[in-house]
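To start, the structure itself, in structure tokens.
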Amino acid sequence: MDIQQHAREIGLGLDLFSCIQCGKCTGGCPVSMTTVLNVRSLVYGALIGDIAGPIHEEALWDCTCCFTCVERCPKDVRPAEVIIALRSLLVEEGKVPSTIGNALMGIFRQGNPLGYAREDRIAWMDGLEVKSAQEGCETLLFTCCSSAYDIRAQAATKALVRVLQAAGVDLGHLGTEETCCGNEVRRVGEMGLFEMLVEEGKPLLEEVGVARMVTTSPHCMNTFRHEYQLGMDVLHYTQALARLLEEGRLNMTGRVEKVVTYHDPCFLGKQNGIFDEPREVLKAIPGVKFVEMDRIRDRSLCCEGGGGRMWFEGTNTEGRLAFQRVQEAADTGAEILAVACPFCMAMLDDAVKVKGLSERLRVMDIAELVAMAL
Amino acid sequence: MKPRIGVYICHCGTNVAATVDVEAVTEFAATLPGVVIARHYTYMCSEPGQALIKEDARTLGLNRVVVASCSPRMHEPTFRAASHEGGVNPYQVEMANIREQCSWVHPDRHEATDKAKALVYAAVMKAAHLEPLEEREAPVTPGALVIGGGVAGLVAALDIADAGFPVHLVERSDRLGGRVAELNRTFPDLEPVAEWLPALVDQVRRHPNITVYLNSRVTDITGFVGNFEARVGPIEAGLAPAQIQVGAIVIATGYNVFDPRLKPEFGYGIYPQVVTTLELEQRLSSGDLTVNGKTPKEVVFIKCVGSRDQQLGRPYCSRVCCMISAKQAQLVRQALPDARVTVFYMDVRTFGKRGEEFYDEARRAGVRYRRGNVSEIYRRGERVVVRVEDTLLARTVEHEADLVVLAVGMEPRPEAADIAALLKLPRSADGFLLEAHPKLRPVDTAVDGVFLAGCCQGPKDIPDTVAQAKAAAASALIPLMRGVVPMEAATAVVDPELCAGCGMCVEICPYSAPALDPLWGVSRVNAVLCKGCGACAVTCPSKAIRLQHFTPDQILAQVEALVGW
Amino acid sequence: MRARIPVENQDMLAALRGFLQRLLETEVVEAVLVPMETPSGAVTPALVADPALLDAADPLAPVLGLNAARAVGPVTIREPRGRIAAVLRPCEYRALIELVKLQQTSLEDLVTVVVDCPGTYTVPDYQKMRANGGVDRSALLAGMRTGDLASQAGYAFRDACQICENFAAVAGDVRIEFFGADLSEGIPVVLADELAGRLGLEAAPEDGRRAEAVDRITRSRIQARDAVFAEMRGRLEKEGVEGVFAACVRCHNCMTACPICYCKTCLFKSPVMEHEPIQYMAWARRKGAYRLPADTMLFHLTRLNHMVLSCIGCGLCTDACPADLPVGRVFRTVGQQLQAVFEYVPGRSVEEPLPLITFREDEWLEMGEER
Amino acid sequence: MAQKPAALVIGAGIAGIQAALDIADAGYPVYLVEREPSVGGRMAQLDKTFPTLDCSSCILTPKMVSVGQHPNIELMTYSEVVAVEGEAGAFHVTIRRKPRYVEEDLCRGCGACAQACRMRGRVVDTFNQGLSKRSAIYVPFPQAVPLIYTVDPETCLYLTRGVCGKTFLCKDACPADAINFEQKERIVKVDVAAIIVATGFDLMDPRTKPEFGYGVYPNVITGLEFERLSSASGPTGGKVVLNGNEPQDVVFIHCVGSRDPHTGVPYCSRICCMYTAKHAHLVRDKLPNARITVFYIDMRAFGKGYEEFYDRVKEERVIYRRGEPSEVYRRGDRLVVRAEDSLLGRTVEVEADLVVLATAVVPRADTPAVAQLLGLACSPDGFFQEAHPKYRPVETARTGVFLAGCCQSPKDIPDTVAQAKAAAASALVVLHQTRSR
């Protein structure tokens, strides 16, 4: 089996021959200390045509697709894509963990991995007025499936809408036609489903005809930016907020007298280089005392929510990275751990509870904090 | 003249000062007989340090200078020059080595300081007995001898000839171009050698200042920098040897390739599938890569064959094999697009300009690099099996191959040893010729006027060889262009009244400076040849030979100071 | 080739004298350097050009007052010179070889005649023997034949001879062999065919007893030698060189007697060892007391340094010492150890280079260079 | 100097020094132009040199002194070449001599001015890689050649603000009355027959590799900073101490930027493997009990005696682990270096209290400008392009202009010296031919 050939066929940029086996990928891999997954040896096995040794099928699903390996690879090998390619082979053979299979099925049937009804996608709008994008708007708000269905995340989505509207943004939404972006679908290797999502979603978005899309999730932003080839400006909401601040449109009159720290999402930070805007927004909130953790920006620790891990526990349930992360946040003396991604929200919020830090630390979306200061 | 001595104690940063109490040594030195001034300074060899000596020499009228610092090997010329500028005869300068012989070897501050004082005392006592000596110059024969007609020799010859000096280029074989002429294409540009080497050879052959001696070797060299006399003997008998006079010599005798039969585990010479990089080069030139009439499907390169191998006495890296393998692997990929090409390596050393990029290109061309030092090769049917631990898999693998290429290392040429013996040139532990200083004098040798170019000094690729050859040319051009060379002033002299003519000095001298006068049966030293090493003076039982600057009274004064301490 | 010198009336001395006369008469050489008995009874080397005077030659006199190698030097050192033959004991021949290497003599135009040596007496003993009934040469010759060598009753061989294991003629242009020889048919002699032809000598077989006799004596000499070495080493370790030489009177006789000490002017007779008066005072102050002359011990150390590798063990230094110091024993003891280091046998061959002036490339390493 | 044609050498690091000395020793005049106040270049910043462990100043200083004193060399420090016209044999060069605000012929280098300077101990000492502070009037290092003080126009209070208290402390302190704030830059024109470019290299700022935390953690330092730390003449007097503490665990990281097209450095920097081995040895020498780990991808010990040195360093209990670290982060008061040990096939965390980054050798920032000034081309890696990589490695496309040292590509000292001599040989040929014309 020529993995590289297969990867090309499914649209991955994996370049096995460029690899010098330096190990920088595995060294940076957030899960490499806790699972047998070793991306360097997978690349090597694929290169020499001896994949049987390094491969551990179950551990393949441990990859969070944080792409630290891709970002740091000195030779542009794109090591994570060997994992995606291998996952896609497993998908073809139907060898998928049941929870991931269910999520994919949910997306296929209902447009969301949680398997909720398509009609309920806009239930979060209760109490808000969000106009239909199809009627024409300046800015399209794209809500992640989590932002739309997950109860904790919904609060953040609502806050965001309030904030954007307060700033006078002409906001529209696709309504129940909004369907999963497929970022995670592609990363778990279900290329067929991903293609289908693009084929259906791209015309829908283009028909709306807006110049700018704001996403709640960095994951959605990532795939729209890089994999949809849309003719529009795709922004993460923190970017949108930062722009509004700069333009003087976002006036915060209230105060949030809290010590706040911030966790960089991999898809926002490492993969798309958006480090400053979320911080600018947080620092602009009156009363906020902003502190940094040690591992930030390019060195941020992954929350383990990406790459399908929202739907799969991983082979190692002990010592989740999110546990470590919330402890780091607590150690800074912060009262609030600000996030900018619904997956991070889910993983870290859960970790705060498990680690018994609820008294000291709250996980909040940046939009929620801004909304508090309105 | 009554000694007026200045003593200068160097801290050498912290090299000396960390262990030796330099202030105490300075105070002590100031009390010694004849000492007019004693100072200490961070780096005596620096410009301000030297300025101290000059200034004192002028204003205090010093006629002797003692510097307590490092070994005189490096800095004696520095302090002689500085003192000379201050009006002190350079041979009335004495150094006390309080670094290598004191601070670096004695951890105890108190003891080290005491020893430094003793060494300074001894140097002062010797300095008081030093006599002024005059440096002289000898004329230089305009012209150079270049031994070896490979790329290094060609380039060195051209630069010297272009600068207007006659060059005698001696080559053992019947053609110019050396090892490079055996290559097909060169890395990292894959440029055919034929596109530039013949032009270079032609330039040399047609140069009016260059005389080429093919099929010849240098059988004898006498003389010294500026005035060498060499005998060039044709290898074929019957032709008359040529006697040539030159001012400088460039040695460019090149290298040999390792004979892989010394690593019998690879089966070289047994299996037709196993060839060396040099042999593959010829096959690539001819375009025939078949083995036993079949086109190979699996090609394996094995690196470090005869390099980085202490067991074989070749601990060094041959520096070019990584790039040669990368080049040949690419060329094999081009020639045999269906073949799988695998390179087994320990470390990939592609360090030169465009080297890493070239390695990148090789991998992108589909060459598989696997980390592991191949352990053995054996036959399996029509193929051979390469057995190796893939250290990245941490597993032993058997890799079947139709063609195995051994990247053979470089080793010193036996002929270089002959030249070394003729000129009494030292060789380094690896057997290559030894440069005068590994960092700052990489092409000079222990023998003045003799310079090294190319792989006779150590393995190197073509750009580095050419640079080094030009460097050797620059070193050779300095005496040639100046027209004179300085002569050692601290030479040995014979007292004919005492000399019994035993000839021990003649035997012991590494420079053939003394000779027995056939009429009187006494020894006479040729001052031009004498390097002042003193071997003759210590050998002579009659003390009939005196080495100026190291006379018995000078040495005894020093010894007396030390044992009297 | 091996031949025999004809002997008449069992007169070995006459036979040898005749042989030497033949060398002159056949113009093989123009003169012979040989021990002669002077009219006053001393035995000393002389250069004899007149064949008639060889009647006083006494190559068999068992006495050694001077190493003849020293006498050969001045007559061979440079051209023009005559062709001569030198009659030498093995120890004299070995000293000669060392001097050749030191350019103090030459083998050109020289025919060396080396005679087997039973051992010698000191000059005073020899004189005493002559005065008190003479020297029993026939006993010595008999002992040489059987290998049962003994000194004359009441006398001992010279100290050096008692421990000499190189007493047989093994080199030289002409070797005269007494050991193991049945002299009734003549004295065995080994020489070049061409020379034998000129002297009219014919080839003669070896009787095969020589090796046995030599071996026997060698074994007993080595035994004696090793006992001396052991004793000497013990003394040197215990007393040091300074202890052994403590009684030295600095007469320099040992140096004068040594056949190999060749300097024109010894360092110790030159002004190098003369110091400023204030220097002597400084030493005296520092040490409290200072032995004078200052260079007594340095003299012996320097001589050891200069000569011990070439020491061929003739022992004349011991004989010359007025203070009865065991100079020769020290030289042989130290010499044996040092010569072994360089695998050097002094006097064996002119082809063997002097160790300390032999340039071996691997002994001289540059910085960074390794063997 | 007017009789024989002259050469111009731009840059007075070891390459420029060697080239200038060779030409001058052969009897031709040389103008040696150096931008900094002193000659010496990068080599002057080094502690010891591999593989012989010669002290760098010990072997460099005499050469520096020689160029300062050579009758055939006209040294122009603190000067820049601003225009080059003409052709081989007849170049017309314009040199800008920047004002030192100190009269060169009066200053004795006593240092009284620096002691007196109001900015004393407040100006970042770039020679020491910012590990110490100096005055606004300074010599870069005590062995500087020439030993003439220079007023730093960027930090001198008078030059930046127009006032420096009531009185110039430096002027008052100077016993030679050498300080002159009226000094203006001078333009000098010289005619030369050949030019050698020896402008050297820069080191990559490791902040472009944020995962290593350089600039975030004070105990993550570069190799050159380690050189200053280890140097007897450096800010700690040769002690390897950070914030007063001796490190117990030292981790070295190879290929920081090198072999990494991401950072614009696709090439190998050629010296890092060996200088890291040397650093490891120095740490072992100074801290016998420290744990020392070197992370590498490929160990490139290719030069004469290098493999042997690598062997030796390993025998000195330096652990070489194969794997390029992916990041450095803090754990308590220590650092953690996270890497895959590719021979174990396992990710490891190595605790450290000193991390030394072997940063890439990069072209001088002004290389394109200098290239334009001299009419030279640059190769894709950004260094100056030689005429032919094989048989014309020091020549350029412009006849009479030659390259020496790291401005052509990274190289170690022996290769730099060899190439400098090679450039000198080429220049000597041009000088000879010009003279005999």
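All chains are identified by letter, namely A, B, C and D, in their written order; residue positions are counted from 1 within each chain.
FYI, a residue touches a chain if its C-beta (ideal position, glycine included) is under 8 Å from a C-beta of that chain, and two chains touch if they have at least 3 such contacts.
No experiment lies behind these values; they were computed from the predicted model shown.
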{"item": "Chain located farthest away, centre of chain D as origin (C-alpha)", "value": "C"}
{"item": "Chain closest to the assembly centre - both centres taken as Cα means", "value": "B"}
{"item": "Rounded Å distance between chain C and chain D, as computed from the means of their C-alpha atoms", "value": "71"}
{"item": "Computed distance of Cα centres, chain C from chain A, in Å", "value": "104"}
{"item": "Separation of mean Cα positions, chain C and chain B [Å, integer]", "value": "49"}
{"item": "Between chain D and chain B, distance of the C-alpha-averaged centres to the nearest whole Å", "value": "25"}
{"item": "Junction residues of chain C, two or more chains touched", "value": "368"}
{"item": "Sites on chain D at which at least two other chains make contact", "value": "52, 259, 298, 305, 342, 345"}
{"item": "Touching two or more other chains - residue numbers and ranges from chain B", "value": "348, 360, 392-393, 428-429, 438"}
{"item": "Chain pairs in mutual contact under the definition given at the outset", "value": "A-B, A-D, B-C, B-D"}
{"item": "Parts of chain A lying in touch with chain D, wherever the complex brings them together", "value": "20-29, 32-33, 38, 40-41, 54, 68, 72-76, 294-295, 297-299"}
{"item": "Interfacial residue positions of chain B with respect to chain A in the complex", "value": "342, 348, 359-360, 363-371, 390, 392-393, 395, 397"}
{"item": "Touching residues (chain side chain C, partner chain B) in the complex", "value": "77-78, 102-104, 262-267, 270, 272, 279, 282, 286, 306, 353-354, 356-359, 361, 364-370"}
{"item": "Residue ranges of chain D in contact with chain A within the complex", "value": "210-211, 213, 255, 259-263, 297-298, 322-330, 338-342, 345-347, 349"}
{"item": "Parts of chain B lying in touch with chain C, wherever the complex brings them together", "value": "73, 421, 424, 426-429, 434, 438, 446, 497-504, 507-508, 510, 516, 521, 539, 541-544, 552, 560, 564"}
